[in-house]
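Here subunit A shows up in two complexes: once beside subunit B, once beside subunit C.
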Partner chain A sequence: MVIALGLEGSANKLGIGVIKDGEVLSNCRRTYITPPGEGFLPKETAEHHRKNVISVLRDALNQSGVKPAEIDVICYTKGPGMGAPLASVAVVARTLAQLWDKPLLGVNHCIGHIEMGRLITKATNPTVLYVSGGNTQVIAYSRHKYRIFGETIDIAVGNCLDRFARVLKLPNDPSPGYNIEQMAKKGKKFIELPYCVKGMDVSFSGILTFMEERADKFLKQGYSPEDLCFSLQETLFAMLVETTERALAHCDSREVLIVGGVGCNERLQEMMKQMCEERGAKLFATDERFCIDNGVMIAQAGYEMFKSGTRMKWEECFITQRYRTDEVEVTWRED
Partner chain B sequence: MEGFELFRQGAEGRIFKGVYLGKPAIAKERFVKKYRHPDLDSHLTKERIKSESRSIIRCKSAGIRTPALYLVDFNRRTIFMEYFENSIVVKDFIAQASNEVISKLALKIGAVLGKMHANSIIHGDLTTSNMLLVNKNGQKSYSNLQDLELIFIDFGLSHVESSAEDKGVDLYVLERALISTHSTASEIFDQVLEGYKLENKSGFKEVLAKFKEVQARGRKRTMVG
Partner chain C sequence: MADANNLKIDIEVPFPSERFAEIAYHVLRVEKEPKRSGVTKEITYHKNILHVKFSAQLARQLRVAVSSFFDNLNLMSETIEFAGDPVSSTYSHF
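Entry: the complex of A and B
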């Protein structure tokens, strides 16, 4: 039996969770929410995490019913992410490890998403679409690495959505993407937007600029904000589904797993499901508890690393803003 | 499409095999993708069909061998083209070939790509799934590289562009496809560049610089969860 504690704070979500041999014992989260029209900045986000980390930790431990002495390993997000928020949480993880005399593991955030998705959905060897505020990648496993087949060549899809939400001054609560999704449901008229796919790679910056420059004009022409959200979502998601399908064909894979915050968008899931059905593949997705950044996913990836024998020296337990998914040696998979 | 039978479901559409005017042919049907908005779907499909046929013709006039174009049918969203009976996908070929053979093949890949770029053809989807090796003697044998002709396929994402930027991106897409698919990717890619230099002498320096720039952009991109 292995019990892992996971701490995550690479962006504006602070999450702490406990997992015991694949069973989620607790999964607590608090989100730093900025006023409409504003994004979150590193300094303020780190401040939010520092202010809340002790009480979230207490909640996570209480809900899990686990005593510190029973914990086998402490896992934290090593990267990628924003420097200051990452550091604010890593410091706590380091302190706990010393206080309770436990091994410490730095976990790659993206790997956390993938392993949590695999655990919850039971997908065995899926082609993974990882879509969040900071990342857009199409990933497949081979030869002990999660390999990046496609990715954005500029900004992440979540970033594109968030920044467009600022143009329309949509609230950031619970998240800009969620509010765009609700608006898009009421959209009717489709506006043709730039569509940019290069093989398995995508580019979103052109669409964002196009929207930023023309949003006012479209609104004056009689398009509603809902139409704009609808058109944007349809276009962005079509690009994601297309590149995922290309990777699926290239890898001869029959499973798709969507992870990351944008992954809880139901329209994206629906489109992906249609694509899968057309080619006899199966879609796996999770809801916001596990899709959106959380602590338990860091615990789960750390648990896998720990069980397969990974140990980190104190000096290795730093943080890094850049940390690619394919840098991590996957020691816990046999295939 | 009488007499045509389904042979593969690619990413873009279904590939059927049959006979067109007495010649072995494939029909690539870009069927309606229900997941996307109908306006977007018909727009993209039309674009892709146009790109694919345009680039095949442009390749032909540049002396680059591709499947010959037989018929374009916009109503049925289908392109009919030459079928290569005795062919192996480069991805599968590399999986079983020796490093020495792979290195020679990589040189060829670079040479064909260099020639394409010298003629302002950007492929747009360079992977080892989109390259075939065809036996020139009409045999089902792929053991001797000398008997095999390298053919690029799948020009749906291609476009015509003379700038170095797009060529750099094309190389970047290829490099990443190699890294994700093949364990000796960096050796393969080095040889690709060697071959490329031979066929696109004048453009090489500028394209390489652009490629490095695109690559650096990718590495520098910070990723926030």
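Entry: the complex of A and C
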């Protein structure tokens, strides 16, 4: 039996969770929400995490019913992400490890998403689409690495959506992407937007600029904000489905797993599902509890690392803003 | 080689015991100052006192480093308050 505590704070979500041999004992989260029209910045986000981390930790431990002495390993997000928020959470993780005399493991955030997705959906060897505010990657597993087949060459798809939400002054509560998704459901007229797939890679910054520069004009021409949200979502998601389909065909895989905050968008899931059905593949996705950044995913990835014998030297328990998915040696998979 | 940074701040933080100072030392030493911060940080402890020496060329750089140090120190103290006294006399998982 292994019990892992996971702490996550690489962006505006602060999450702490406890997992015991694949069973989620607690999964607590608090989100730093900025006013409409504004994004979250590293300094303020770190302040939010510092202010809330102890109370989220208390909730996570209480809900789990686990005593500190029963914890086997403490896991924190080593990267990638924003430096200051990552570093704040890492201070707490290191202090707990020292006080409670527990091994400490730094977890790659992307690996956390993948392993949590695999645990919840029971997908065995999926082609993974990892889409969030900071990352956009198409990933497939091969020979002990999660290999990046394609990715964004500029901004993440979630970043594109978040920043478009700012143009329309949509609230960031519960999340800008969620509000775009609700608006898009009521969109009727499709506006043709630039479509930027470059081989296996995608690019979103040009589409964002296109929208930022023309949003007012479109609104004056009689398009509704709902039409804009609809058109943007359809275009962005079509690009993601296209690249995922190509990876799927290349790997001769029968499973697609969507993870990351944008992964709980039901329109994206619907489009991906259609593609999967046409190819005789199966789509796996999770809901907002596990899609959106959370602590238990860090615990789950750390649990797998720990069980397969990975240990980290204390000197390595720092954070790093850049940390690619394919840098991690996957020691816990046999295939 | 002489230190090119001419602005310096030395901070001494007393802890209730040497063990706490040692923990603070280990928690705070691993994170290096950002490369382009222009700040060097030297951290040691002696008995129950944590010693931190900052140096930089610009006051602004020094202010950022020191203020972030105190943020972390506060957060660490809060964590200790929550988690309680250390369960062991040394850390066994270095």
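Keep in mind that, in the parts below, the second predicted complex is superposed on the first by the 335 of 335 C-alpha atoms of A that agree within 3 Å, B and C clash if a C-alpha of one lies under 4 Å from a C-alpha of the other, contacts with A are read in each partner's own complex, and residues count from 1 in each chain.
The working rule: a residue touches a chain if its C-beta (ideal position, glycine included) is under 8 Å from a C-beta of that chain, and two chains touch if they have at least 3 such contacts.
Everything numeric in this text was worked out from a predicted model, so none of it was measured.
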Q. Where does A:100 make contact in the superposed view: on subunit B (first), on subunit C (second), on both, or on neither?
A. second
(Q) I want to verify the contact counts: of subunit B and subunit C, which reaches more residues of subunit A? (A) B
Q: Would you tell me the residues on subunit A in contact with subunit B in one complex that are also in contact with subunit C in the other?
A: none
(Q) For a test of understanding, state which residues of subunit C touch subunit A in their complex under the given definition. (A) 23, 26-28, 30-32, 34, 68, 71-72, 74-76, 78-80, 82-88, 91-94
Q: Sort out for me which residues of subunit A touch subunit B in the complex.
A: 8, 10-11, 13, 77, 80-82, 109-110, 113, 132-135, 140, 142-143, 147-151, 153-154, 156, 190, 192, 195, 197-201, 234-235, 238, 241-242, 245-246, 248-250, 260, 270-272, 274-275, 278-279, 293, 321-324, 326
Q) Quick one: in the complex, what on subunit A touches subunit C? A) 46, 50, 53-54, 57-58, 68-69, 83-84, 87-88, 90-92, 94-104, 311, 313-319
(Q) Taking the touch rule as given, give the residues of subunit B at its contact with subunit A in the complex, in rising order. (A) 9-12, 33-37, 39-40, 43-44, 91, 124-127, 129, 157, 169, 173, 176-177, 179-181, 183, 214, 217-225
